[in-house]
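Quick heads-up: structures coming right below.
First subunit A sits with subunit B, and in the next complex the same chain sits with subunit C.
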Partner chain A sequence: MFADFDFQVIVEAAPILWRGMLITLLLTAVAIVGGILFGTVLALMRLSRFMVLSVFSGRYVDAFRSTPLILVIFWFYFAVPYVVGRPIGDLYSVLIAFTLFEAAYYCEIIRAGIQSIRQPQVHAGLALGLSQWQTTRSIVLPQAFRNMVPVILTQAIVLFQDTSLVYVVGLKDFLTAADLVATRDNRVLELYLTAAVVYFVLCFISSMWVKRLRRQYAL
Partner chain B sequence: MIEVENVSKWFGDFQVLDDCSTQVDKGQVVVVCGPSGSGKSTLVKCVNGLEPFQEGIITVNGVSVGAEDTNLPKLRSQIGMVFQNFELFPHMTVLENICLSQMKVLKREKDEAEERGMKLLDRVDLIDQAAKHPAHLSGGQAQRVAIARALAMDPIAMLFDEPTSALDPEMINEVLDVMVTLAQEGMTMMVITHEMGFAKQVADRVVFMDEGRIEDDAGKDEFFGEPRGGRARLFLSKILTH
Partner chain C sequence: MEMKYNWDWSVLLCRLPEDDPTGTSETTFGGTTATAGGAAQTFDTGADCAQPYLDWIVSGLGWTVVVACCAWVITISLGSVIGVSRTVNQPMVRAIATTYVEIFRNIPLLVQMFIWFFVVPELLPEDAGRWVKRELPLPEYWTAIVCLGMYHASRTAEQVRAGIESIPLGQTHAGLATGLTRVQVYRYILLPVSYRIIIPPLTSDFMGIFKNSSVALTIGVMELTAQSRQIAEYTFNIFEAFTVATVLYMMVTLIVVTVMRVVEAKVRIPGTIAMGGG
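Then we have the complex of A and B:
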């Protein structure tokens, strides 16, 4: 089976694979940044003393966490153009789907992070005359995020792997690109092996890096 | 300066404060003591509105703390508070800790805030620690920074919640010294502490709390002079002998 393993196939496929990788990285980056930003808003809403905000955020998180990502991607692909009134392209619909989906997960991570900050720290901020919001922004969130760095990065690695699900709407991420070449050239072994190695190496390096961060900063 | 009138507070069904009344006049030092769980911290937190209370009135400098329309952040910015576990902000340097509220609340420029911060650090003898993070300070140093941080707001009164009880014995005095100086300079202070030496040296009055009630509220000489009744005596004899 390995006897006719042809490296040339991989070299020739490299530009396509690279373009796929760019899509994968773009998706990952946007979903992390957007997910954390919106997730923070959701977490603050969840912890707010206003029932409406808190309930909305709770329902939102429950809804997304009980739906498989692949369905969310699929729905947004059809639903977003319908809501906006015009086609927005598969890339945008997927970016939105990922951001909203990841926000639900980040919300829970960030909520736990905020709750890990002891109440006397909040009291110390308030006692100095800072408003509730200033205390949250300058004292609670920076410490919460610092504690959350490893979990956030671990979630990012999961996310990186999950981006391969965009094949359902025909978006050419890294894995889809590999799959396309594999069937086109009938070179399944070369391309799937390459894909596996690339995913493994990237995730492995990232996990190691997270572990080191954890040790270095005693997180 | 601080008036507490018939304050009662409940946590759910549990009554933490039971009809408490006391006051701290301008320039006075009032020491609050009593057994663990008697409501001392809660009382002090009611004074700057960190804890709400259901009955009674507390006024600070004529402003009612519990009133709907009171600007609590503004009121709190005028009342310094020092905590048992320092509560410095670990993600900021010592100087940043002292400058944060000066800039955000008093809207001082960075230069001005830092200048004031360095002056106060000098005052508590920690000028060489300005760039450090709180994790690298000893407990005594951290508490002195916390006092400097509170003073940076130019407070009209200071609240202390067991400022030395988390410290190693050899560090207690460096913090008490700062507090004594502050008291002698005429700062209005409400101090929860079991350091009776401190009370004897600078307190005007001593308040003894038990089970949410103020059981005793007397001038220092009276408090330490005559034999006290019941629980206060028992409590005093316990903490004075160890």
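Then we have the complex of A and C:
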């Protein structure tokens, strides 16, 4: 039980865990940035007047949202080398998988944000002589993003937790590093509980911060 | 980009040779049926056909559905209890419920899965721990069900709470004024109304459980994603294996969403915006 809980194991594992955490943070950051950029494109396609674009975007979002993330990770891990014609390494395949997967979720968030902007604002922009694109860029998107910030950040916390799933292809993120040490030193209890505590503290603090932000940002 | 890949869907459809009497009987005939027999034979007993892959897929889908549905039963019952606890007047009860939600929501599912499977049996009293490790049949399946159920209960609790809080306080007061007890107010007014309001988020919670059941493959549950990866590794027909799994996940999603839309329309509360009109 807890009587022989060995803190020394955790102290010695700290450098390995830290390297793992850097991978986890890198994955989270790339997936957030890439996901928001591509998600915005998808959202604009979804709301576009051109049927082809809007149908494509709708199908894309439905496909990714009804597939488990692990299956998506497998798809890219095993299939991308075939498509590209050479191995690209587990880090790149996972980065691509996460970016494309998260884009589907960010697309829905951004679409809701854009649709929360009232139509007369678009008309006002057009009446002032701005083009459709200028109206979107300088009137709709800035306000939409302001409304969306809390939701985007909440999704980012979910994403941060989801990056632990790269364990299934053996990429050495924080959890996989903890798991490696746990099996190597036969210290399952210490390492898994440490991982749980670290994830909990980071996610709990961030979600408290988002909650405060939500109050500040409320229009 | 040139893709060097040989599509071969027949790999997934083939069966073990001894399961297929036509395959063996065809080979004993010569003459006019030779071409048909020959074709059937390569189809049935080709090199890649060492395992009943179709059966693997079917069993994987079965386990995905079983694990998700059992976990959902835990989710909806525990989630309701905790959701209600967060709305009652006792600060102690509320604090416990809030703690539950924060803990289970802020630790990744995979970490929880590992803790349930590897750590919890060690923390149990000796006899119970030994029973879980040695005697409990299919321990990974039970673990996955409990873990998924309790993880998603924290999310469902938030939906239930939001549903209850969305009902105007006047209705509670009216209930109490007519002589109902607090429990009766929940039983006859707050819960029936809030469940009807929160059907859409509950549906997406269920889809979440269904998709997250794939995380159970990390502790050895052979559900759909695990089976499709196994087929991919056995046959190298990765595109076929993962396509089948993806399409099955999409089909189940489509069925659940369609059914829930009908349910939602059936139990819709008259007079709400969702009803349309007035």
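FYI, the second predicted complex is superposed on the first by the 218 of 219 C-alpha atoms of A that agree within 3 Å, B and C clash if a C-alpha of one lies under 4 Å from a C-alpha of the other, contacts with A are read in each partner's own complex, and residues count from 1 in each chain.
Here, a contact is a pair of C-beta atoms (placed from the backbone, for glycine too) under 8 Å apart; a residue touches a chain by one contact, two chains touch by 3 or more.
No experiment lies behind these values; they were computed from the predicted model shown.
Superposition model on subunit A: subunit B and subunit C are shown accommodated side by side without a clash. In the superposition on chain A, contact is made by A:134 with subunit B only, not with subunit C. With chain A used for the fit, subunit A forms the apex of an angle whose arms reach the C-alpha centres of subunit B and subunit C; rounded to a multiple of 10, it measures 110°. Which of subunit B and subunit C touches more residues of subunit A is settled by the count: it is C.
In the overlay built on the shared chain, the residue A:123 is in contact with subunit B alone; subunit C does not reach it. Contacts of A:143 after superposition: subunit B is touched, whereas subunit C is not reached.
Legend: residue contacts after superposition of the two complexes on their common chain; A:84 is shown touching subunit C, with no touch to subunit B.
In the superposed model, A:180 lies in contact with neither subunit B nor subunit C.
Of all Cα pairs spanning subunit B and subunit C in the superposition, the closest are 17 Å apart.
Judged by the document's definition of touching, no subunit A residue lies at the interface with subunit B and also at the interface with subunit C. The residues of subunit C lying in touch with subunit A in their complex are 1-5, 102-103, 105-112, 114-115, 118-119, 122-123, 207, 211-215, 217-218, 225, 228-229, 232, 238-239, 242, 245-246, 249-250, 253-254.
The touching residues of subunit A, when paired with subunit C in their complex, are 1-2, 62-63, 66-71, 74-75, 78-79, 82-85, 161-162, 164-165, 167-168, 175, 179, 188-189, 192-193, 195-196, 199-200, 203-204, 207. Against subunit A, the residues of subunit B that register as touching in their complex are 45, 48, 50, 73-74, 76-81, 83, 85, 87-91, 100-101, 104-106, 149-150, 153. Considering their complex, residues 120-121, 123-131, 134, 138-139, 142-143, 146 of subunit A touch subunit B.
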